[in-house]
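Worksheet for the structure shown next.
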Amino acid sequence: MKEFIKHLRYVLTENPVTLIAGTMFVLLIIAAVIGASIVPYDPMASNASQSLKAPSWDHWFGTDQLGRDVFSRIVVATRLDLSIAVSAVAISFIFGSILGSLAGFFGGWVDRIVGRITDTIMAFPLFVLAMGIVAALGNSVENIVYATAIINLPFYARVSRTEVNVRRSADFVLAARLAGNSSLRLLATHIYPNTLPPLMVQVSLNMGWAILNAAGLSFIGLGVRPPTAEWGIMVAEGAGYIVSGEWWLAIFPGLALMLAVFTFNLLGDGLRDLIDPRRRT
Amino acid sequence: MKRNDKLRIIFGRLIQAIPSIIGIIIVTFILTRALPGDPAVYFAGPAATEKSIQEIRTSLGLDKGMLEQFWIYASNLARGDLGVSVSTGLSVKEELIRRLPASLELTFLALLFSIGVALPLGIAAATRPNSWVDQFCRIVVTAGVSLPVFFTGLFMVYLFYYILGIAPAPLGRLDIIYLSPPSVTGFYTIDALLDGDFETFGAALSQMILPAITLGIFTLAPLARMTRGAMLQVLSSDFIRTARASGLKRSTVLYTYAFRNALLPILTTLGMVFSFMLGSNVLVEKVFAWPGIGSFAIEALIVSDYAAVQGFVLAMAILYVLLNLTIDIVYTLVDPRVGLES
Amino acid sequence: MTEKKMSNTFPLLDIKNLSVEFRTRSGVVKALEDVSLEVFRGEIVGIVGESGSGKSVSALTAMGILDPAGHVTAGSISLGGLDVLGAGEAVLQTMRGQQASMIFQSPRTSLNPIRTVGKQIGDVLHRHNMADRQNLREKVIKSLKTVRIPDPDRRFDAYPFELSGGMCQRIMIAMALACSPELLIADEPTTGLDVTTQAAIMDLIRDLSRERNMATVLITHDLAMAADYCDRIIVMHAGHVVESGSSHDLFTSPRHPYTAKLMKATPHGGGNLDDIASIPGGLPDLRGVLPPCRFSGRCERHEAICDSSAMITKEVSPNHFVNCQRPL
């Protein structure tokens, strides 16, 4: 444990970027958890007299077309955006890693079937498939989560498959097998937990992409509906005002998106250095 | 590698694409049958009468078993029947064909921009390690994968149209004062040139620049990263040492020897890039009011025009398969070792 | 260390007091220190030593294609009158392949995998203006014939992966000799090939050298091969030249303790210097502070003078030189 803390400290200090990413991550979590209670304005409160005001001391990020405070809406939106991404990633991680592990461990027809499933999903341009899935299942936030989860599944299936395959003939596995463990038990209790560290790196890297995907879907009008505060829909609502110069409605939510994605990408890189420094690019 | 062998391998790749297409057809079929409630109602549209719903039900075979329904669906596809768009009243196929050139023209320009920047940047970064070019390349790569493409688009509109005033208004393919050129390819730029109309050519091109760059920036990152990585790896290989020891000129070593070999993993990356590109196309079309199949799909989604959405997903998927096939074939032509391991 | 001229002519390759270091993450590696050696026209010289002794580094520096991480800190290299270390890249590029050539080990990976061997040889000819579009193919086929490749007309369009290791090495030799250089450096040309092919390749190199009166440097860790093919041998250890002399002298009466150990450790039937376990100790760490004699750590004849005085060169018999305070 001490070794881990020491290594963690080394990674955080050796690359200042990782430290920045870590800080931003913490800020995001804070915004998501208690954001609603600490924002200066009610994100839903419209005030026609205050509409389309540029950023000022009163309204740090300005107000939108209904007079709502953009800053408050962005902070509050953190929870929704992160929950969507986290749920989607969690679902695709669980199903993807289980399918991938089974494929990597047993090989044969299991591998072929899982391969067919992932190949079929990947035969589509992924965002287009997500659009199709949301159209099919119905226009709701829940379905945004499912659609994002499905298109991310092949990613986890492939990584899991490789990781399990690599460890399948490792010494510790042979030892456990000799001790009398059945195949499935072997996979579940010995191999699978061992694949989790590298998988966690992928999860972090994938979170950024999941956030972009979900935001893209809401940008084109799927899932989230007004007056909900969500970064993607805020950009969509603000898009029309860009041409008349009211940039703050769209640009700030966009920056928030960018920051969140950036944070997770950097965090993923940092995690990769922490867990397996050999894999650095 | 003899020509016959190459043809045989290419044919093999074509055959390999078939399971993908079958999978795509199955998935698009499942997507429409996953709708809660009566699919016929959805396909008939919000303004349907009881009679039209019944007509749809029989023509799609919705009263029959699943397998039969699939068979009807597949044979309709084979005949090119993608159903009717309830929002426009035209056949989906017609709509897609009408709007496809706009999307293709945009995607093509974006691809040219992307490759035109990513490849030289990656090569320069690889040949000058730790220089400012290298650092710049790394920044571009890291930033590129974090930027939401619709945000980039809006930002560019704000900067170049509103503030600097050098870009035209994001209102589609051509400013109202221009007439679209007589249609030969459907690409306004090419058609205008063919017509000898340079003014319209310029106008069409200027409308396309901002959306193309927006789309291109997004795909720039993975391409630049792979180019840099592949070049670095190739440049440290044995045969480059031999080439240098033989006194070959730096340009020969870099392009004929190193870059051509690096092209192979770059081609493989292009496959992933196309996936992003086709998906982001939809978002860019919305931002710039581009009348392509992406905005068609967005409109269709909003009014629940299911046949149109299904047609869109199918068309994009087939396009993607064709693009991947093209990459595969180019790869086979470039690398003489392909097909011998199997 | 200096060598007396073998003949009245000047050496074709003259390396004087060359020192090269590599800056790595774990420190500065002094790969070569005060290395001097000469190669004369028409002779076949072998440079032998364990891996890491600096044989390849010397050759790469002489050709001007040292890894960018390497820096020349002292010395000079003269190749056919050209000051290699002072020359610009353009001049060096013209020199390489035309005046001096180098071939490497693992011939399969040392050839461009996606270009036909004919085109690769053609590239060299074309670059040095030795062929134009019309007669390119003809000249390439001629060069394939000189390296004894059967059915050269068909082989022109072959790719490296379609050829055996021995064939690929012949292709590399063809590339190297296409413009008739005066000097050929062969860096472990037969490592990885089977024994019969090894002999065939070495015979080819020797025959071509004699035919063209071309100076040839054979870098190897196979002492038996050096004995069979080389007129003269230079022994290197840990970045130093330790002994040089005719093949006969070195094998019958080695005077440096290291050379003597090498001869004893590898029976004449064949022997790979890297298999030697019988010389106690290993190569010294080239990163730290090193004594004047880098063999002193594992030398039986080591005494105080070896550490206190700068290295000296002794001519123990005509044209037989040793860098040692206490030669045998």
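Per-chain numbering from 1; labels A, B and C assigned in written order.
In the analysis below, a residue touches a chain if its C-beta (ideal position, glycine included) is under 8 Å from a C-beta of that chain, and two chains touch if they have at least 3 such contacts.
For clarity, every value in this text was computed on a predicted model and none was experimentally measured.
In terms of inter-chain touching, the protein chains here are arranged end to end in an open line. Among all pairs of chains, A-B has the largest number of C-beta pairs in contact.
The chain occupying the central position, as judged from C-alpha centroids, is B. In whole angstrom, the spacing between the mean C-alpha positions of chain B and chain C is 53. For this pair, chain A with chain C, the centres built from the Cα atoms lie 56 Å apart. Taking each chain's centre as the mean of its C-alpha atoms, chain A lies 24 Å from chain B.
Those residues of chain A lying in contact with chain B across their complex are 116, 119-120, 122-129, 131-139, 208, 212, 215-216, 219-222, 235-236, 238-239, 242-245, 247, 250-251, 254-255, 257-258, 261-262, 265, 281.
Across the interface of their complex, chain A is touched by residues 19-20, 23-24, 26-28, 31-32, 34-36, 142-143, 145-151, 154-155, 157-158, 161-162, 169-170, 229, 274-280, 282-283, 286-287, 297-298, 301-302, 304, 306, 309-310, 312-313, 316-317, 320-321 of chain B.
Put simply, chain B touches chain C in their complex at residues 1, 237-239, 241-250, 252, 256-257, 260-261, 264, 334-337, 340.
Of all residues in chain C, those touching chain B in their complex are 63, 65, 89, 92-98, 101-104, 106, 109-115, 123-124, 127-128, 159, 161, 172, 175-176.
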